[in-house]
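Shared chain: chain A. Partners: chain B in the first complex, chain C in the second.
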Partner chain A sequence: MAIRIQRVPSENLGGGVAARLIAILLALLVAAVIFSLNGADLGALGAHVLKSTFGSRFGLMDIGLIMTPLILTGLAVMIAMKVGAWNIGAEGQFCAGAFAATAVALFVPGPTVVIVPLMFVAGALGGMVWILIPTLARAYADVSELITTLLLNFVGVLLIYYVATGPWLDPSGMSFAATKRLPYDIPSFWGDVHWGLPIAVLLTVLVAAVLNYTRWGYEVRIAGSNPSAARYAAIPFRRHLIVVMLLSGAIAGLAGMFEAVGTAHRLQGGISNNFGYIGIMVAVLARGSAIGVLAGALLMAVILKSGIALQTQGVNISTVLALTGLILFFTAIGDELSHYRIVRSKPA
Partner chain B sequence: MIDIRNLSRRRFLELSGAAGVSLGLSQAGLIGTARAADPLPAVAEEDAVIAFGYVGPTSDEGWTWTHEQGRQAVQEAFPKAKTIFVENIPYSADASRTFRQFVSEGANMVITNSNYGDFMYDIAKNAPETAFLHCDDRTMMDNMGVFYPSHWYPSYVTGVAAGMMTKTNKLGYIASFPVPTTFTGSNAFLMGARSVKPDATLQVIVINSWFDPQASTQAARALLDNGADVLFGIMDEPGYLQVAEQRGAKAVMLNTDSRKYGPNAYVSSIMFDFRKFYVDQVRARLEGKWTPGQYLLPFGDGTDRDVWGETVPADAAKAGDEAREKILGGWKPFVGELKDNKGEVKIAAGQEMTETDLYNWNWSIDGISGL
Partner chain C sequence: MDLIAGLIQTSILAGGVLALAALGEVLAERVGIVNLGVEGLIALGAITGIATVVAIPSPTLGFVLALLVGLLVGMVFATATVIVRANQILCGLALTLMGTGVAAMIGKAYSGIPAPATFPPVAIPFLSDLPLVGRALFTQNVLVYLIYLVLPFAIHHLLFRTRHGLDLRAVGENPAAADAAGIPVRRIRFWYVSAGAALAAGAGAYLTLAFVPSWSEGVVAGRGWIAVALVIFAGYRPWTAVGAALLFGLITSLGFVGQARNWPIAAPVLSMLPYLGTIALMIVPVLAWQKVRRLMAAPAALGQPYFRDVR
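The block that comes next holds the complex of A and B.
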């Protein structure tokens, strides 16, 4: 009997989940080894991290607040992947959404019940506008959206810096490189955690349902996995590509809107906090599943919050960034490996 | 002149034993009105947690390194107290999360080193027994005070030397953000230069960061390409000094003696020493005497210029030192008439700018472009 290793076209669900869990554990193990080589007390560090994350009210609130934009940017990247597009520009769309929502908050007077939904729409539209050119360039000229969405991130971040330190700078001089505190707020439901979190979760479930249980979703998935086959089956690939990419930008824009209005309460230079880029990690970890997006966002939020807690214990922030990189690295290896299976066969 | 890198322990103890830093800022200025707050209760040294929040890495050999020397001085002065610090705090909601983490770890005092007042506000409101002290900001509360070095004086002094040295009459300035401290630094530098070269101009490039060696290096190249031959800036790292060294230009630095990165280009540096101030503030907090104040580290005591660089001509060093002595003797360099760079008279002839005006300066003088 011989043992062969055979590559299969699609991995199974169990393999993918197992690959992720093993990747996370391996990354934590590598981090633990490095920490102990540096003489850290792992037990004390672990206890400190647990207390600062799941073990305290503030810890849980922070996780909720960090998760909110990560769910949305993760979802944005994930749905673009469904139609075969890489939206690397969630960061820029996040900025555009925050910008548009702030513009409404600063310059449109009105009652909260009108303005908050208006900011919601503005945030989504801002993100959509930001991805419009990459979308059309991809759909009609076959320009790689990977490059165009990425490059627009820098424009988005600079736009925020420009308005936050220039025309929209807080006239009182009290805040640094930021607008004044916005006069509207997303209502909170638990401590500082605002309704952005349940809305993000709901949106994720909704998108998953549409993708999995509607004819449109089915067509999108076919178009994404095999554009030629989709064309052969008279599925309008281009139309689906445009709609899904615009939707992706809108969702990333919403993330920016919630961060500016609900969490930061102002538009400030550093508002994006790399949430757009971390959203790519969330989407990769999620493997195209909505539950996966929620789990990935939770994991990244816990890691980011742990990073803040670890730093007061003398652990460098770069260590935490390296940890997120390690998880992605091991996941990529695990994903590839889960395409293989061991086959036993009798010699002919 | 204090060489803060080679300060002996004895000299340090002399300094920290000296009287508290004088209050330089008007209590009725833009910074806020006087607080009549009761002192926060005393804390036993062994129970004390003093937290420091930094904008850059402690290894930056610049601004954050300088503040880290202050933390180490506090640890040395109060060995039983616990000091903690976090580096590279971004200007985002993460800043507030970090400060809340400090409070949840029992911090009795939180000291931050760059414009974090707005991010500390909500946290300080909910932690009335924690003292908050922030650098270069404008939020005052019953438990929150502010401090800053009066960097405009050494900026003027080094500007005089730069004016003596420039051949193109063009100076360059690498700014972080368009905020008062960069307006004040660049204005003071050009005013110093213009006291000896009335036609001198200054071009500013804003890079949206205090610590981005790549961006500051690019900005330095662009400024030199435009004809500048002496650079100044408000960077937390010595990148633009290295560019000046490669290109045969000169550079005035900030924070520390960084001449080893460009011995030929190095003119001087605006030097800061927060150790005495930090030790005094922490002592007041532990003894139950701390109330929020508005402090300026005065010129000559916590703020000064470094020993001149090797290649600085004697006449430039002499002119700079004469200006320094005059200022230390009470002369005021920041007097009208001053026009902004749109031509409007902002300070009338003979009118003297107060420390509050200098701290809050938010317009560029005539001769400055790019800010």
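The block that comes next holds the complex of A and C.
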């Protein structure tokens, strides 16, 4: 009997989930070690985190509010991955969606029942426009969509900053980088938590159902996992790529719409708050599943909320970004390691 | 005339960050590894540089320490991508997030402090007295000459004029064949990825010790990603990468000139120029010259982990 380690092409579900859990625990452990080296009282920090997240009604509400954009940006990145594209530009599409929805709220007069759906459409269209050029460049010239979508993030953030400090600045002088309070709102169903959250959940389930149970979804998945096999089976790869990438941009744009209209109630500088980048993390944690997106968004919302809560304890909010990176790093390693299995074989 | 000379001088200075980071990325991608952590490495190098000169006012020490930090972080990245062979894109994004986050954490204490010691411009005798461009070209800090002349020459020579360069390009094009020919694929990938990361962090120290020169959150501002894009645009060639970086320095300095001269364009809009310019440069040449595509093609095994045992 010889024991050897063998690499298999597919990873097993258990291994993938275990890899994620271990990655998250390891990253938290590293963070804990760094905090305690800095002389922080871990017990007090932990108690504070628990109290400000699950321990109070307001904590839970905040988690619901933070989850909304994260579900959508995570979903956006996830569906692009399904067709084999890297949409690293959810941050920019988020900004474009917030921008377009705010434009409708500020400049289109009309009854609420008309304007709110119009803001939805505007948010989705804004995100779609933002990803249009990277999509076409990838589809027709094979230009890396990863880099073009990412570069547009900086343009999107600057665009928001420009309008929020310049032409759309609140005329009352209450702020120096925000518009006035928007005259429309997304209705709430629990405290501050608005209908964006259930809509985001519903959209995730819907998209997952279409991807998993329709012919179109099947073709998209084939096109993403093996483009040459897709071509052989006469699956129109380019068309699927374009449609899915535009859809991805639209979903990220919706995230921006909900954040600006439902949560912040105004367009302000820095509104995207790294939601787009953390969405990548959500999508990677999700391993392509809808429940995974929801779970990943919940986890990242808790981490983000903890980071905000710990600011009063002298912990820097950038810690969240570093921690996100650490989890992503360990997850990538764990994913690869879960391809290995130990086999016993009799010598031939 | 002063305008043009000033424009050239600022372009060279601004392009240096991109050139150094792009040269590092050329090394990594030539051996077949995409390092998308450049943005994070620049941030780490930037904060290392500024933290060093605040403690000990020696810019050279700051630059060297940044290179070392980059090398160490690069070795961690290379362990994940070359030894464990984890997904390069995810590891790169993770490195960007970690580097940006950690640098911002440390940087809180250094925010807004002007660097107490920087690389001063050095006038080269005679050449700097040339009319028009003399001052612009030959009154630069010492790193500029290193980045624009010494390094690209050395890397070009290494890649295309030495046996070892042939080996390392073979590793990027066809690791299985290179392996069969007895070239140590893993070792070469590991060390060139790490060296490339060191240069990226060096670009960060250049940013805070020679160009800006101070630390603030968001000081890197996507330069790492522009550098990655430049490498693709430059067809993975050192001299072309440096030239492209200079072009981007020009676009950046146009923004500065615009602000200084009160052009009727808002500052945030001018700041968009480098990003939009990069996207244009990534798309237009491919559309305009189909032939360029083959000439500028990426190393064939770029981004693919190499498993000797799996076929």
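By our rule, the second predicted complex is superposed on the first by the 345 of 348 C-alpha atoms of A that agree within 3 Å, B and C clash if a C-alpha of one lies under 4 Å from a C-alpha of the other, contacts with A are read in each partner's own complex, and residues count from 1 in each chain.
Operating definition for what follows: a residue touches a chain if its C-beta (ideal position, glycine included) is under 8 Å from a C-beta of that chain, and two chains touch if they have at least 3 such contacts.
None of these values were measured; they are calculated from a predicted model.
In the three-chain model built by superposing on chain A, chain B clashes with chain C. Once the two complexes are laid over each other on the shared chain, residue contacts for A:144 go to chain C alone; chain B is not touched. By the document's definition of touching, both partners, chain B and chain C, reach A:161. Shared-chain residue A:328: touches chain C; no touch with chain B. By the document's definition of touching, of the two partners only chain B reaches A:309; chain C does not.
Residue contacts after overlaying the shared chain place A:218 against neither chain B nor chain C.
Contacts of A:340 after superposition: neither chain B nor chain C is touched.
Looking at the superposition, the partner that touches the larger set of chain A residues, chain B or chain C, turns out to be C.
Look at A:65: by the touch rule set out above, it reaches chain B but stays clear of chain C.
When the two structures are aligned on the shared chain, A:190 is found in touch with neither chain B nor chain C. With the shared chain A as the reference for superposition, chain C clashes with chain B in the stretch 235-243, and the other listed options (163-171, 235-243 or 343-351) are free of clashes.
For the contact definition in use here, the residues of chain A common to its chain B contact set and its chain C contact set are 158, 161, 165-166, 316.
Those residues of chain A lying in contact with chain C across their complex are 7, 9, 86, 88, 133-134, 137, 141-144, 146-148, 150-155, 158-159, 161-162, 165-166, 277, 280, 284, 316, 318-326, 328-329, 331-333, 335-337. Within the complex formed with chain A, the chain C residues making contact are 36, 40, 80, 84-87, 89-91, 93-102, 104-105, 108, 217, 221-222, 225-226, 228-229, 232, 266, 268-269, 271-272, 275-276, 278-279, 282-283, 286-287, 307, 309-310.
By the touch criterion given at the top, residues 30, 51, 84-88, 90-94, 97-98, 100-102, 104-105, 115-118, 137-139, 177-180, 206, 208, 360, 362 of chain B touch chain A in their complex. Residues of chain A touching chain B in their complex: 52, 56, 58, 62, 65, 158, 161, 165-166, 169, 172-178, 259, 263-264, 266, 268-273, 304-305, 308-309, 311-314, 316-317.
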